[in-house]
Amino acid sequence: MPVIRVEMYKGRSVDQKRAAAKALTQAFLDTCGGTPQSVQIIFIDVEKEDWAAAGILASDPKPA
Amino acid sequence: MPVIRVEMYKGRSVDQKRAAAKALTQAFLDTCGGTPQSVQIIFIDVEKEDWAAAGILASDPKPA
Amino acid sequence: MPVIRVEMYKGRSVDQKRAAAKALTQAFLDTCGGTPQSVQIIFIDVEKEDWAAAGILASDPKPA
Amino acid sequence: MPVIRVEMYKGRSVDQKRAAAKALTQAFLDTCGGTPQSVQIIFIDVEKEDWAAAGILASDPKPA
Amino acid sequence: MPVIRVEMYKGRSVDQKRAAAKALTQAFLDTCGGTPQSVQIIFIDVEKEDWAAAGILASDPKPA
Amino acid sequence: MPVIRVEMYKGRSVDQKRAAAKALTQAFLDTCGGTPQSVQIIFIDVEKEDWAAAGILASDPKPA
């Protein structure tokens, strides 16, 4: 433990994920303790057409 | 809040997701309250070969 | 399919969940098709101290 | 119920998933009871560049 | 990897979970390979009033 | 977006979660961009008897 799942819009580069994995792991260890080996992170890329807020797909224009 | 995650077979069109996002958001607001802006919905398309019921992949024929 | 998971602040009554289950199921069927029996909904109650936005727990006061 | 979600590295064949679906379903029924029809399994393939342990992407070389 | 999450009705004993953890792990290894140490299983107990099928909470009587 | 879900053993204090929420949010923003308001974090406390590695519940003694 822990398992940290990050759901975000598709589009982050591998370099960004590499940096995020390192920074999120450190952030968890600094505040909650544990060993680095125990921290697992899973990134889930989500298309904007698969994510909605206020009932509107993120790929659609916002109402004026 | 809330975050609503919908796992379903791949194949729904963007139009269906657009309508579903609107209808699911309204259904939540009508019954549980809150503001539209707070409702987030994430659709997860799952291939039939990645979903099993009764131990049989949905992509496989059902036993007679 | 589908499996619909609803993560929300703890505090909704069973009556609200009963109504939400009915309304969310209908919303899915109306827009994405399928049979009622195939729609499963799981509600996950989350304490406000377990949910953060902008780095601040929902149980904490918002900064002025 | 139950819903069993299996997140794993991408690369398992459909034959492996077919066998896993059967074996996992049986393992659940043997130990927790229930009917086969009630057991749903969802496989989620995760790219190695989307999974990190100890802050390092699984697609990257391990430090010496 | 893998991470296997099992959502089920509350009520299984620790003994059942102990047996299920062992059997599910073996089922995965037998069919998908990997090392025992890499298999993580998380059980999530769900109250029947938090799980609905066909729009009806599992804690409610089925319609005649 | 993003939604970050942290599954961990039960036992972290609210102070630890408060600090983790802040640190994880900053870690994401520093590496992946976005606005603070868009980052949501959900902590899920898991009992040790609900988490297994290598087929053994975390609440059980490790084999010698």
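Letters A, B, C, D, E and F mark the chains in the order given here, with residues in each chain numbered from 1 onward.
We take it that contacts are C-beta pairs under 8 Å (C-beta built on N, C-alpha and C of every residue); 3 or more make two chains touch, one makes a residue touch a chain.
Everything numeric in this text was worked out from a predicted model, so none of it was measured.
The equivalent interface to C-F, defined as the listed pair sharing over half of its contact pairs by residue number with it, is A-D out of D-E, B-C or A-D.
The geometric centre of chain E is 20 Å away from that of chain F, both derived from CA atoms. Distance from the chain A centre to the chain F centre is 13 Å, each centre being the mean of its Cα atoms. Distance from the chain A centre to the chain E centre is 25 Å, each centre being the mean of its Cα atoms. Multi-chain contact residues of chain C (touching two or more other chains) are listed as 3, 7, 24, 26, 40, 42, 46, 51. With chains as nodes and touching pairs as edges, the resulting graph is of another kind, matching none of line, ring, star or complete. Interface residues of chain C, counted against chain D in their complex, comprise 3, 40, 42. On chain A, the positions that touch chain F within their shared complex are 1-9, 12, 16, 19-20, 23-24, 26-28, 30-32, 46, 51, 58.
Touching chain B in their complex are the following residues of chain D: 14, 17-18, 21-22, 24-26, 36-37, 39-45. Considering their complex, residues 7, 46, 49-57, 59-60 of chain C touch chain F.
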